[in-house]
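Both complexes below contain subunit A, partnered by subunit B and then by subunit C.
Right after this comes the complex of A and B.
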């Protein structure tokens, strides 16, 4: 077969494989959207190949890669079964993220004239570092984006750690051309350019090499010995600073989307990879710089000043103590000032604000404390209270519901409850209670909507 | 031992008894609370075992970990059924389903789970393990069976069962309460049907509890 015929044959193979995906249950909304989107892409690629000359090698090569990407996407569906992840969490997550991930400039509109929202599908595979959201390439002939969320296989039901996806959602939002420029501007103007360490290459290398902590010195000497990275070439040969900027941006987006549970989750995971917090990554700033920045951001957002009743304040204080224990005391890691962080938060809040539910509403005692109370007595946390009123001397039941309880409140309460002094509530059990609470809260919302 | 009335149940729900969440006041009947279907279904896997045999729960000394765990995991097929999605229960099928509600009983209350009569008249049976012991905490597993001749479509969230409460005159002391093998569970699992009766099963020796 010639190259063009081979690719057309592969199109037919892909159609067959796509039909086979219909055997699987791979999402709460069923298979139609995914199937139709993939069929649309396949049809578009087939048309492109059909009109390409056999001699147009570069064009055929590009079509080959488009087919390969579609093939990879379709093959993932077979490992994306409903029982392999926490679907109640995912449904809540979609509600806070899809608006911001919809490309406002797409020319592909639905019958009502609106951009198609992205389709989300999920894989639980890989180890601890496999949390990510894969977004289609920009050149894919698509009607809608397909976001593939990866959970670590071992953590597929660990909803308390899933707020890390807020950071990954930042990458997904940044990948949309219409948002990239605006977000770049926010980070550069408010965080990077005013920073005394990052404003120029010279500032960066002085920060990195003049007076770093001992743990950083050790790391720098290792990469110098092994990779010949030094003060003169670190920004050309080792650090991709644009990637660092994106990491800081995505940390802020994760915090604004998920609130305190984001800091708890990401700091636990990052320090598990780099316990000193000092590793200089090609694409990632040192963990301690990121965590210190997030702790200051949480302070600015007023999360720590939220007061609870005396019975619950100690466990809340214990939670914040556990967060502050992760803050590195050496000022070298404090790469941004409070004003720079405040201004960045302000601008990103304005960016996310128009996207429905994207911002985590400032937590209140009324929403969060009842959830902590339930968790501490081993009950899934939901916005539901039982009471009675007396009628002719008899106790009549009265149910009250807080429909404003957000799944992010449940996650915040879950993290707090794991910091109880007696440690009677183990992390794994608190996590399961929270996962069940998120499920029950959906049922409450459905019933309240019916009533 | 006396049954609790609606008013007694309401008083207990304020303090020591938990059935959470109740989605509507009509869930509390004259002497019981309705329980809703949860979102997981465990079905016996076709071909996984030829018959039920207590000796399968008692391990030969040479049984290795792989065989032991494989047997356990092969027994049931697990399905997640989101809200508004149907689950078809065929005649003669047994399905293990959790309640949506989380239940915590104090030491002086026993729960008895039965089918709601309206469903029972359609052939739906909430099978036989009806007693929930004092001190239990967790979801309750409903053993659903279709005794009718045509399939029944079920949806998570529907009120399929009911639990009545009986006061225990002399509650057991903490030291005397043996934790149930199902305590604190979030979804159904197979139980050990040979638990404590190994002496009646010949030439088998329990090595793993």
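Right after this comes the complex of A and C.
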């Protein structure tokens, strides 16, 4: 079989797979939209292959990968039918993120003239490193964008760690051309160009090689020995600095979307992968640089100055102490000044502000303390209370419930309740209580919509 | 271990050449006649114009918040020439051909995007916009190798 015929045969195979997927429900919205989108994409790729000459090897190779991408997408969505994830968390997550990652500039509009939000599908697999969001690239031939979100199978109900997906949503937002331009400008003008370490290639290499901590020196010697990476070629052969910029950006977006629970989740997860915090990544800055930046950002946002009643202040203080324990004391890791971080937060807040529910509102004692109070006595932070009251001498049933609890407050309270040595609540148990709380909040919203 | 190693082509030249040709044909299609199967070619060209408008060609879908690497898996990066270099040249050539040298990219793209929106909405196009769009997409198709 010739290459072109083989690819056309594969298109037919994929069409068969797609037909089979119609038997299942993918996501709460069902399968129809997903099926139609994938069928359109397959049809276009098939036409592209059909009009390509057998001798046009680069073009056939290009089409092969387009077909591969579509095949991988369909496989991911097939697996999402297992529904092994925390759906209450996901429903709340969609409410805060879909506006910001909907491309405002498109020809594909609904009957009211509004752009379609991305289709979201979710699956769980693997372990710690599985947290990620697949976003269709801009060059994927498509009508509507599809996001597939991965939760680690081992941590699928650990909702306190799920705020790390705020970082991933940053990448999804950045994948929109207009946003890439605007966000690049924010990061370059406020964070990178004023930085004494990152303003130029020379500054970068001086920071990296002149006086780094011992753990970094060891890492640099390893990449020199193994990969021949040194001061002269590190920015060409090892570090993709544009990717580092994007990672810092997405950390800021995660923090602004989720608040303190983001910093707790990302610092725990990052240090679990790299306990020294000193590894220089091709695409990721050292963990300690990221965490130190986020701790300063949390301070600027005023999260730490929030005051609670004397009964609860010690557990809150203990939470923040646990966060500060993750801060690396060596100033080498403090790559940005407070002013640079403040300006960046200010500009990103203005960017996210117009997107409904995207920004985590500054927490208050009134919102968070009642949630901590319940968690510390092993009660889900949100729920219903059935009681009776007397009406004209008769006992009548009465239902009361928590209203409009932001799930990010639940996550903040969950971390406070578990991440301290004052009144310890086991981490696994805190996750369960918080997941139940978010579930009940969804139920309350449904009930209120019916009233 | 994989049975073969392949270097993935980081380009979409053939796809855009084909879509530019299709879209050029849609511009001259009879008004009020729905375009069959035109949504993906039009939306794909629209997204290319957005990248051109904002000079935002990164189009990488970085994912995975945890910078995981397995022991011994340190790697050098391969800084290949940007995927979009030939496509950007073709876009510039098409813009100059259709609109002349003096128009801004923003102005040209907004006009072309409105044409694409009108095609999807099945609305009549003004002759001058038709001419610009036809010239632009014809030239874009020719300029893409």
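Simple rule for what comes next: the second predicted complex is superposed on the first by the 398 of 451 C-alpha atoms of A that agree within 3 Å, B and C clash if a C-alpha of one lies under 4 Å from a C-alpha of the other, contacts with A are read in each partner's own complex, and residues count from 1 in each chain.
The rule is simple: a contact is a pair of C-beta atoms (placed from the backbone, for glycine too) under 8 Å apart; a residue touches a chain by one contact, two chains touch by 3 or more.
It should be emphasised that the depicted structure is a prediction, and the values quoted were computed from it without experimental measurement.
Of the two partner chains placed by the overlay, only subunit B lies in contact with A:384; subunit C stays clear of it. Among subunit B and subunit C, the chain that touches a larger number of residues in subunit A is C.
When the two complexes are overlaid on their common chain A, residue A:134 makes contact with subunit C while staying clear of subunit B.
When the two complexes are overlaid on their common chain A, residue A:317 makes contact with neither subunit B nor subunit C. Of the two partner chains placed by superposition, only subunit B is touched by A:374; subunit C is not.
Once the two complexes are overlaid on the shared chain, A:224 sits clear of subunit B and of subunit C alike. After overlaying the two complexes on the shared chain, residue contacts for A:181 are found with subunit C alone; subunit B is out of touch.
Shared-chain residue A:95: touches no atom of subunit B or subunit C.
In the superposed pair of complexes, A:61 makes contact with subunit C only, with no contact to subunit B. No residue of subunit A is contacted both by subunit B in one complex and by subunit C in the other. Taken together, the subunit B residues at the contact with subunit A in this complex read 6-7, 10-11, 13-14, 18, 20-25, 28, 36, 39, 78-80, 82-83, 85, 100, 102, 104, 137, 139, 157, 184, 186.
Against subunit B, the residues of subunit A that register as touching in their complex are 28, 82-83, 87, 91, 374, 378-380, 382, 384, 386-388, 394-399, 401, 429, 432, 435-436, 439-440, 442-444, 446-447, 451. If you check the complex, the residues on subunit A that touch subunit C are 40-41, 43-44, 47-48, 51-52, 56, 58-59, 61-63, 65-66, 105-108, 128-129, 131-139, 141-143, 164-165, 167-168, 171, 175, 177-178, 180-181, 184, 222-223, 226-227, 229, 236-240, 242-243, 246-247, 250, 254, 266, 269-270, 273-274, 279, 281-284, 287. Of all residues in subunit C, only 6, 8-9, 11-15, 18-19, 37, 39-44, 46-48, 50-51, 53-56, 58-69, 74-77, 79, 113, 116-117, 119-120 touch subunit A in the complex they form.
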